[in-house]
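Let me begin by presenting the structure, written as structure tokens, before commenting on it.
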Amino acid sequence: MFEAFKWWRGLLIAFGLLALMRVVVPLPFANEVVIFSIYTIGCSFLLGRVGFISFGQPAYLAIGAYGTGFYLFYFGTNPFVGLLVGIAAGFVAAAIVGPLFVRLRSDYFALVNLALAVIVFYLMQKVLADVTKGDNGLWFLTNIASTPVLDISRPDQFFIFATLVAFFVWAFYKYLDDTLFGACCLATKINEDKLQFLGYSNFKVRLLAFVIANTTTALAGGLYAVYLGFVSPDMTSPARAADPVIVTILGGAGTLYGPLVGTIAYTGMKDVISKLIGNWELFIGFLLVFIMLAGEKGIVGTIEPWLKRIVSRRKAGSRQA
Amino acid sequence: MSPGVNLLEAQKLNVSYGEARVLFDVDFRIDDREIVACVGRNGAGKTTLLRTIAGFVKPVSGTVTADGTSLVGLPAYAIARRGVKYVPQDKKVFADLTVRENLELGSYATKDYDWDQVTGYFPKLKVLMDRKAGHLSGGERQMLMIGRAILGKPRVLLVDEPTEGLAPGIVDQLKEVFRDLSGKTALAIVEQNLPLVCAISTRIYAMKEGRIVAELPGAGATTPVECEQYV
Amino acid sequence: MDAQLLLSGIIFGLSIGSIFFLMAIGLSLCFGLMRVISLDQLLYYSIGGYLTYTVSVGTGSVWLGVLAGLVVAGITAFAVERFVFRRIYDRDVAFSMITTFGILIGGVGVIKAIWGLVPRPVAMPAGDQVDILGTFVPGYRLIVIVVAILVYVAIWLFLNRTIVGKAIRAGIEDVDHVEGLGINVYRLFTITFIIAGTLSGLAGGLHAPLIMVDPSMGLEVIALVFMVVIIGGLGSIKGTAVSALLVGQVMSLGSLIYAPLAQMAPFAIMLLILLIKPTGLYGSPLLKR
């Protein structure tokens, strides 16, 4: 019982703090943080645990968003069903391209994903303009029906729902770390030959990781669609392709809470810096270079050892007493 | 030059790859006019030892000195320019370049444009001059690798598994070349071929699991069977 | 489709392909020799474009501007190599990608601070139409194509006829062996990086009159340029040239058939080629270190 509590403790603290944040920051900011951190955790998992860097995350985000968007625009009104459609769309897309992509070397993998993002962008903007309304996007805010118990068509209740979703997503990724599969992911990153010798298939491990990560990304896309009430090709613009990678690095790739901390820092800094000096790129660009040259540990990676030291010292202290 | 002058000396060399320690307090020296052999099983750390001396691997601790000056921390090209050259075991010549161009690069690095010694040892390279190195046989590649390494008259040549996978005729030829070469350039050879090692070397180091376990006399004083015991 | 439209389409495609080729050479060489994916080349491209704008406004000569652009781009590349790349050569590819992306957006920020957000037009030099087989095509586009051909020849001569070029080719095969001979490979890296930056600057300068220069001009072509490099195979000059030609034609002729296809078709081709041959058209399987 106590062990189980210990396992959940970190998550409860983190998301408790996140929920508290709602009191001090504007609601749109809080919602953005929750969705974006879900968006980033897939990327962080791929980069930090499996060793795949993807510059194509917007593709899966958009697939999820458009899946939800199509449902809410053309077929139904229930946002929960819409979300499920978005997740399913992301899962199917990842399962289709995954077997082709995960065979590639990591450098090609990054660029092929970028290419996929560009393809999705033009698909939504031009080729399928008849159903996607091109650059205008699909607007369905008024289509979304109110739902009983938790009315996620209202931003404040949406925040509660999104935070719960994020909590379970994090619990799921924390659980993954404890499983054999999580160990296999790390093994394929560090030494793919050895994993092969042990009788595991690199291909299967990578494919599963890829599908999991990108289905999570599609979930974030679906949440965006429900929250904003519209989808447009802008979401998958190549110019924004690196956002999740930046946030991942900022937070610390592969750390559990990195995506959360990274997103808060990124979104917060973007707000503040844009207002103060108006030159966001200059700041984030050099910050990124600095983090990489300083040892690429990111915020969480830097703080974690320091936190652990404090905790262990306190424990040691209480034992003496 | 009197014997006993340490041309190249490594002391208390410790090397790790990440967490895994591969060399433990290795002491190793080469004197003038010597052919020092280093024997041991795969994974004993022989290649790592040569690569560390040549500057491709940075040691955790320990010293490497040539003529009394320290080599540790110098980039590999600077060590090569000081006359300590490493010939890797992969027999990878620059496949897309001709034999001539391969040798030109050796000359460019050392400013030694006199190829007479190279073609003297390996007359065959003369006819192959304009062939792409990728089309050479294994033995011809090894000739080219040693040929381009001896340009600039290095003081020490570190040769990794020179006879691995080569035909006996070429092995005999290399043996003669090594003997003759040792008059000018000291050699350290990592080798699995124990009869060859016992025939040409002046001293033999036996390595096991990252440690030097024995230093044996060479020049026929140790038989291959005796040598075998230590590896 | 009538012949005149087709011919002007081909010329248009060749000129676009030429610009891509100039940028892609640098990326390809940097990857081949140093195993870094140098996203910051896109910054040198923007620098080339902006200096062409400023100098052409000041002096009235676009050519002088292109010259200034490539010189400043080369110098910037040199500085970045010295202060950033020196520290990251032995890291993996993902690492260099993220670091250079940081340099790219940081540089975009600098450009915004100096030139502002508004897109700027650059006057087209040699604006006359040239008559080829009864079709009039813009003279400037022909000049761009000629410059790309000259650069291809010059790079070929450099790599095949000079000792430094030969050392770079050898380094693309195995950089440790080159260093083992006693060649200062870090000097080769610096030279390669300056060449790459200069050519990216040249590409930006030449492209400027055909588009408008704006702060995110590098980000707009990033995907296309990478596609050219990947289709050709990372590390191969010949492959880069072939794939730049291919992509230019696909974009240009594709838009004659069905406009939205023009931007998507090259990416579809890239996916197809990678699935058949995961190292690109001319990428050698030996490239793994």
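Miscellaneous remarks
Lettered A, B and C in written order, each chain numbered from 1.
Criterion: a contact is a pair of C-beta atoms (placed from the backbone, for glycine too) under 8 Å apart; a residue touches a chain by one contact, two chains touch by 3 or more.
Computed from a prediction, not measured in an experiment: that's the story for all the values here.
If chain C is ignored, touching splits the remaining chains into A | B. Per-pair tallies of C-beta contacts place A-C first. Taking each chain's centre as the average of its CA atoms, chain A and chain C sit 32 Å apart. One finds 42 Å separating the Cα centroids of chain B and chain C. Chain A and chain B have CA centres that are 52 Å apart. Of all the residues in chain C, the ones that touch chain B in their complex are 163, 166-167, 169-170, 173-174, 176-186, 286. Contact residues on chain A toward chain C in their complex (touch as defined above): 47, 51, 53, 55, 100, 103-108, 110-112, 114-119, 122-123, 126-127, 129, 238-239, 242, 245-246, 249, 279-289, 292-293, 296. Across the complex, chain A is touched by residues 31, 37, 84, 87-88, 92-95, 97-99, 101-110, 112-113, 216, 219-220, 222-223, 226-227, 230, 234, 259-261, 263-264, 267-268, 270-271, 274-275, 278-279, 288 of chain C. Remark: chain B residues 54, 56, 75-78, 80-81, 85-88, 92, 94-97, 101-102, 104-106, 108-110, 148-149, 152 touch chain C in the complex.
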